[in-house]
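Take a look at these structures.
Each of the next two complexes has subunit A plus one other chain: subunit B in the first, subunit C in the second.
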Partner chain A sequence: MWKIDLESSKWVTFIVFWLFKNVSCNSVAQKIYVELNNTVPCVRLLNATHQIGCQSSISGDTGVIHVLESEADLEWPLSKGPNPPYMVLLESSLFTKSIMMKMKNASSRVAGVVVVPKTSPREFSPHTTCPNENTGRRISNLAHCNQTVWNPRGNGLSYEEFDFPVFSLKEDNETEVIKQCYFDHNRVVNGSGPQYPLCAMQLFSHMFAVTDTATCMRRSNIDFSSSPVMVCDPLGGYNVWAFIRPYNSTAFGHKENESVVIAAARLDSRAFFLQDSTGAEGSVSGFVTLLAAAQALRQATQEAPPTRNILFAFFHGEVFDYIGSSRMVYNMKNNKFVIDLDNVHSILEIGQVKTLRSGSNLFLHSDPVSRRNNTVDDEVTNLVNNLHSSTAGLNFSFVESGFSQPLPPSSFQRFLRARAIPGIVLADHQTAFNNRYYESFYDNAAHLNLTYPSNLSPEEQLEFVTDTAKSLTEVATAVARALFKQAGGNDSQVNNINADPKTVTQMLYGFLVRSNNSWFQAVMAPELKDVLREHSATTDANALTYLVQYLLANLTGTATNLTQSQCKKPDELPNESTYVYSYLWVQGMVPPNSTQRESFCVRTAVRRVMAVSPAFDLGDYVSKEYSTWTESQRKFIKARIFLVASRDLEMMTLGVGVAVLFTSLLVTYFVSTKADVLFSAVREPANAAY
Partner chain B sequence: MTAAVFFGCAFIAFGPAFSLFIFTIAKDPLRVIILIAGAFFWLVSLLLSSLVWFIATKATNAQDLTLQKDLLIFGCVFSVILQEVFRFAYYRLLRKANEGLAAISEEDGPPLSVREMAYVAGLGFGIMSGAFSMINTLSDSLGPGTVGMFGDSQYYFITSALMTLALTLLHTFWGVVFFEGCERRRWWVIAVVLCLHLMVFSLSLLNPLYVGSILPVYAIMLLMAVWAFFSSGGSLHNITLLWMCRKSNTETSS
Partner chain C sequence: MNLERLPNEEKLTLCRKYYLGGFAFLPFLWLVNVVWFFKEAFVKPTYTEQLQIKTYVKRSGLGLLLWVAVLTTWITIFQHFRAEWGEVGDYLSFTIPLGIP
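And then the complex of A and B:
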C-alpha cells in the first residue's frame, strides 16, 4: 500500500500555506463593487435630551442612485420612482433645509443622501438661529434671542436627526464614476422606468449610541467594569493658555494681590459634517488676531512688565455649549486653577473679525445686565476707552454696540454666569452676525477673501501678505495696545507695540489653505510633524490645539540653548523649572545652504490642558448647567457602489435552484432503488480479472 | 446578490451532487472513504498544476496581459492533463486496495466492485472540482450587488452554477468510463476522456458568450451520461424492463 508519510504531508502543507500567502486574490468581489474612499459621514451626537445627526442600519443602507437636478425632481425618489428606496445624490446648491426635511419625512423611500460640494450657495448656515442659548449668560428677558437673533440665516440642519446616512464626497474621480454609472443605467427614458440592472450605492455608518447622553453613558458600563467598552465619547478638546508672568503650576486657588486681564478667543468651529469644519471667519480670524497680539506684546511686557498679569486663553469646544470656557470657570471656582475668579480683573474676547475695506468698524459688545452695577460699568467704560485710544493711527475704529443689546454668544458668557466681571467682546457685527456661512463648510479661505496671485509657488504664497492679513494685523495691534494699557502698562511704550503682518499672513495661510508648510513644520516638535501631514488643521482637534500651543510658544517664549536631553529634563539645571515653564523641543527652520534642521528648545509659559465638560466629572449627564455633548462610537464607515439585479431574476434563480434540487433528489432516489434492474451485470463471476 | 441568489446557485451547483451523496454514498462508510480520497487526489493534482502556473506567472512580466492569459490557458491545459493522470493513479491505487480489502472482509470477494469504485471516485473528483469552482463565487453572491459594473454579464452567477453542475456530473461519468476502459485494457477510452475534458475546458473559454459554452457542455454531458450508463452495465433492455415495472431474472443473484 502506498503510505503518505508524515514528512511529505508537512511539506505539502507548507507549500499550500506559502502559496496562500503570496497569491493575490483576483476575486469576484472586484467585478462587483467599487469602493469609495474619500467620504465624510454625518455622525450622531447626543446631549442631555436629544440625539442629532444621522444613522444607518447595522448592515448598511442600499438604495438606487438618483442624481437630483432640482427641487421639483425630488418627486421621483419620493413618490414617482418605481424602484425605492433611493440614494439621493445632491450638489451643494440643493443641500437646503427644505429638501432635507422633505426627504426626512419620506424616509421609507430614501435610503441615504450623498452631498457633493461644488459651488458655494449665496448663504448657508446649518447652525441654530440662537447659538448656545441654554448655556450662556443666565438672563430672563434677554435669553433665547428675544431681542437680537444672532444667526438669522441659521436653518438648524446640523441639529436635526435623520434616520438615514448622509455622506459627503469630495468632488473628484469617485463622483465622476458615480455619475457615469447613473447615466449609464439609471436614466429615465421617455417617462418609463429604467431597466434593471440598476446602479446602487450602499452606505455604512452605524452608530452605537441612542437616545441621549445619560443612556449611552449608562450603557458604557463605566461603573461596573475596569475596562469599559465606551459607546459614546464626550466631546471636548484642549484649551491652550499662557500667562505673561507665569505662576507655579502646582499652586492652585486664589493668589493674593494678583489681578489678571484675560484675553480670550475660541479655537473650534463645526460644519454639518463634523470633519469638514473650517471656521475661517467664525474662529480662525479671532484666534489668529489674538496670537498676533500675543507676539506683539512680548517685547513690551518683558522690558516694562505691566502691573497686572495678562492671560491669553484659547478655548476649544465652544461650539458645543462652551466646553472649554466652562471647564476653565469650573476649575477657577473649585480651586483647580492657578488663579480664581477673584483674581480676574477684566476680560477682552475676540469674536468674529472679518474686516472689509479700510475705514470699516469693529464693534464692542458688552453685557447690559452686569453693567447695571456701577463698579462694573466704570471698568467697562475704562476698557472701552483703552480700546478707542489704541486705534490711533490705524485704519479702523471701534464702535460700541447698542447699550441695551445683550452679549453675543461668546466664552465671556460663561464667566458672567459665574461672576459679574467687566468685559468686552470684539466682533465685526453690530447686531446679527454678518457671517453668511456661520458654522458651515463654506466658511473657508475664499470667504475671508484670501486671494493669492496665481503664479506663486506654495512657499511664496506662504510669505505673501494678503489684504486680509493687513487688516487683521491692524486689529491685532489695537488689541495688543489695549491689553497693555488695561494691564496698567506704561503709556510711553504703547506706540512700540505693533503686530507683525508676516506672522499674520503665514498663520492665515497655514490654517486656511495648507497646513503642511515650512513655517508650521519649523515651529512643531519632531514627533508631531506627521500631525500636519494627515489632517487639515482646522478639522482635527489634536492638530489644531498642538499648532496653537506651539505657535504661541514660539511667538511668546524664549529660545534657549539647552540640548535636546536637557530640554526633556530641565529641572536638573539650576535656573529652569517645569513648575513655572514648559520646555518644548521644536524642529526649527532649515537654513538655505544645508538640509539639517536647526532644532532648539523653547522655554515658554504656554500650557495645553485637556478640556472636557465638568458634567462628566460630576457624573451629571442631564446637566442644564454644563455641556453634555457626546459623540457616538461607530463600527466602521464605508461606502461602495455596484449594480443590483431585479427581484424577478433573483426569484427565478432561487426557483430554478429549488427545482434542480428536487428533481435531482427524485431522480436519484428512483435510480438508486431500481439500480439492480437498470445496471444488470453488476456482479461478474468470481474468476473474472479483478 | 442576496440570499435568494445564494441559495438558488448553491442548489443548482450542488443539488445533484448532494442527492447522489445522500442516496448512494452516505450509507456505506467504505464509499465515503473512497469519495474523500478521490476528492483529495483531485486536490493534489490541482495543487501541483497551480504550482507550475504560479511559478510561470511570477517568472514573467505581470503587466503583459496577453502573456498572462496565454499562461493561464497553458496552466489549465496542464491541469486537465494532470487531473487525468491522477485519475489513472487513483485507479491503480484502488485496484491494489481492493485486493487488501477483499482479504479482510467478511464476505466472499471484494466488498466493492470496480464499477462502484469508479462511480464513487468520479463523484469525488466532481464534488471537489465543483466546490473549488463555485464556493468563492457563492460567497460573493451573498452581498447586495451583482456582476456587471465593469461590463460583465449580469447572469454570471447562474451560469457559473450551471457550469459547475455540468462539470460535477461530467467528472462522475468520466470516472465510470475511465475505470471501465482501464479494466478492459481499452486505452483509447483514456484518450477520448482526456480529449473531451480538454474540449469542455476550451468551451469554457468562450464565456461570456454563454450560449456558446453552456449548451455544448450540456450536450457533451448528456452524451457522457449515455456512454456511462451503457458502460456500467445498463442497456435498452433494462430500461424497457423498468418501464414495464417487471423485475429481471438476474436480480436473484444480488
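And then the complex of A and C:
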C-alpha cells in the first residue's frame, strides 16, 4: 500500500478535478441572458457644429420591454406605465418622426428604442428636405431650397440627436423571442400593471465622441497621454474613376490641349441606421446606368477614338456633403490630379433614374446661374441637343426641366462651386424628387420594381432580364451615345453603341438582391472574394467600391495573357506600364466541365482612390467649405434580454446581506472578547520556540 | 514607528523635519505631522520640548487647512466647468472621459 501523504493527495485531487472541469461547463450567464446577435445600432456622427445620432450610457441602458401597438399606446411608456424606464419596440410602420420626437422629449422614461423592419410604409424619408444645402453650388437667392424643395417628404429623422440607443433588429427569430418574452411577462392585465419579474432589454452602444468634429479630433490628437484613444474617424470612402485614354498617373496638373468630358455618378446612400443603406433609386440606378454606358462605349472608342477624352467618375461619400466630389475638385485645383479644371470641357451626371414605364421621360437639369454666361449656355445647349438626338429609336425621351429651376443636389454642384462648367444632370424628377424613400432603408429592390418569377433559382434570377433592366439599358444606350457625340466622336459610329441588357440586369441583381453570385465572384480578385457577403453590397463602403472598380475594369479593360506573377509586376514587360494602366488579377468564370476557375489578368485604366474630405487635410475642422463629417468610435455593440426583479426585491436582498455582514461582525467581536471564557481548553505547555 | 520609545529631542527633530518638508508642496507631510504628534503635543503631560512641538503641529494644521481649501476650490471649479472650457479644459486634462462633453 502506498502511503498517501498530504502532498500527493493534493496533486491527485487537483488532477481529478481538472479532468472533470474539461468535460462539462455550465455558465450561469447563459441561463440569465439571451444575446441578440443580429442588430444594427444607430451611431453618432459629428460635423463642424452638431452631433447627431444616438448614445447609450457606458454600462448600457436597461428598460422594461414594451411593444408599441399604435401611437396612442405611447401613453403607457411615457406617462401611465408604473415601471419606467421602458424599452420601446416598434414596427417599421410606427417608426415615424412624431413618435420618435415624443420619445425624445420624454427621454427619462424611455431607455431605448428597437425597430423591427417589416412592411414598407407608403413613404418615408429620414433625410432632410434640402439635402446638402450648405455645400452645394453657392447661389444667393436660390440656396436653401427657396425655389424648389427637393425632398418634401423628408422628416429629418436621420439628423436628430437622441440620448438613448436606437437599434434595428435584423432577424425574425430574435424578434419572436422578444415578443414571446413580452407576452409572457409584460402584458397589462385588466388595466393594472404587470407583475414582476418583467422582461427587460439592455442595449450597449456607447459612443466615444461628443460635441463636434473639432472637439473629437482634438481629443484624438492630444500628445501627452500615454495611449491616445482615437475617438472619431473622418467619414470617407473611395472614388473610382477611369479615362478612356489614360494618362501617366504620376504627371499631375494641367494637360495641354486635352479636353475631357466627365461622366459622373454617385455610389453611396444612407439610411437612418448607417449600415442599412440600400439606395436602389437613389444611387444604384445611376451608377449601374453609367457602368453600362461605359461598357457600351468600349468598342467604339477603341475603334475610332473621339477627339476629347471621357472620364467616368464614381464618387463616394456624396450624401455627407459631397466628400468624394469635393476631394476630386480639390485635387484638380491643387495640381494633385492628372488633369485640372481647365481641362474639363463639360459634365454629364446621372442622378436618380427610375423609369416608371416605357414612354416616360427623363429630365435634364442645368444650372441657371452659370448659363447666364453665353459661352456656357451654348455648350449646355449643345449637350442637350446631343442628348436629344441620342434617344432616336429608343422608348423614352429627354425633357429639359424649367430654365429658372436650380440644379438638384448632385456632384456637379461641387464642380460649379469651383468654376462655371457646362453640364447636365439626368434625373427622373422634374422638380421635387419622385423617390418616396430617399435615403431610407426602404429604397430597395422592391422599390425599383425588380421582380423575378418565383420558380427561378438564384443563378437563373441573375440572368433574367427584368423590365427595370430593360428600361435602364435604354437610358444607358442614350447616355453612351450622347457622351460619344459630346466627345467629338464620329457620327456614323453612334448607332453601333448599345448597352447590354444582360450586364445591366446582372448588376442590378448583384447590387440589390444578392451580391454573392457567380458573376460578381468571377470579376473580383481572389483575395477579395470574402468581401461579397450574403447581404447587399451597398451596405459596406469597401465592398461597394471594390465591386465598382472591378466591374468597371472588366467592362472597359482588356484581358491579357499575363500570368499571375507577371500581373503583379508588369513593368518588367516591354509594353506594359503601371503608370498608365492598373493590372488586376481576377478570378474568372468556372467553365462548365471543371471546378477550376479560369483566372486572368485585366489591363485597365481604372483607379480606386481614397476620398476623404479636404477639411481633414487642411486641419480645418470647422470648415464651411468642405464636409467635416466624422463617425464616433465605440468599443462594442451589444443587445440582450433578461428578466428583472422588482426594486423592492433588490433592496431587500441588499438589506439582508448588509444585516448578515453586521451580525457576523458583532458575533466575531463578542467571540473574540470572550475568547478565554469560550475556549478554555487544556493549555499545552508552551514550547520555547524562539 | 513607535513614538513611545523615542527620546524627546528626537521627537522634536522628527516633527521639525515633517514640518519643513511640507513646504515643498507636500501637504500630506503636514497631515501626518498633525495626526501623529497630536497626542504628543496636546494630551501628554508637559515636557521641555512640548512647546515647540505644539507650535509645529499648529502650523502644520494651518498649512493643511489652507491646502485643503485651495484644492477643494480648484477641483470643484474644474469638475464643474471643464466641459465649458472646451480646448483649455482638454489640454488641462490627463484623461478625458469618453462619450460625455
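Observations on the structure shown:
What we mean here is this: the second predicted complex is superposed on the first by the 627 of 690 C-alpha atoms of A that agree within 3 Å, B and C clash if a C-alpha of one lies under 4 Å from a C-alpha of the other, contacts with A are read in each partner's own complex, and residues count from 1 in each chain.
As a working rule, contacts are C-beta pairs under 8 Å (C-beta built on N, C-alpha and C of every residue); 3 or more make two chains touch, one makes a residue touch a chain.
As the structure is a prediction and not an experimental result, all values here were calculated from the model.
Applying the stated contact rule after C-alpha superposition, one finds that A:A251 touches neither subunit B nor subunit C.
In the superposition on chain A, no contact is made by A:V188 with either subunit B or subunit C. In the superposed three-chain model, the partner touching more residues of subunit A is B, compared with the other of subunit B and subunit C. Of the two partner chains, neither subunit B nor subunit C is touched by A:V622. Of the two partner chains, subunit C is the only one touched by A:Q55; subunit B is not.
When the two complexes are overlaid on their common chain A, residue A:A392 makes contact with neither subunit B nor subunit C.
Of the two partner chains, subunit C is the only one that A:H206 touches; subunit B does not reach it.
Once the two complexes are overlaid on the shared chain, A:R219 sits against subunit C while remaining clear of subunit B.
Note for the complex: subunit B touches subunit A at residues 1-2, 4-5, 7-12, 15-16, 18-20, 23-24, 44, 47, 50-51, 54, 93, 96-98, 100, 108-110, 113-115, 136-137, 140, 143-150, 152, 154, 156-158, 161, 165, 183, 229, 232-235, 238-239, 241-242, 247-248, 250-251, 253-254. Remark: subunit A residues 1-2, 12, 15-16, 19, 22-23, 27-29, 31-34, 60, 62, 181, 196-197, 200, 202, 640-645, 649-658, 660-661, 664-665, 667-669, 672, 674, 676-684, 686, 689-690 touch subunit B in the complex. Those residues of subunit C that touch subunit A in the complex are listed here as 86-87, 90-91, 94-96, 98-101. Residues 55, 58, 206-211, 215, 218-219, 222, 224-225, 229, 231 of subunit A are the ones that touch subunit C when the two sit in their complex.
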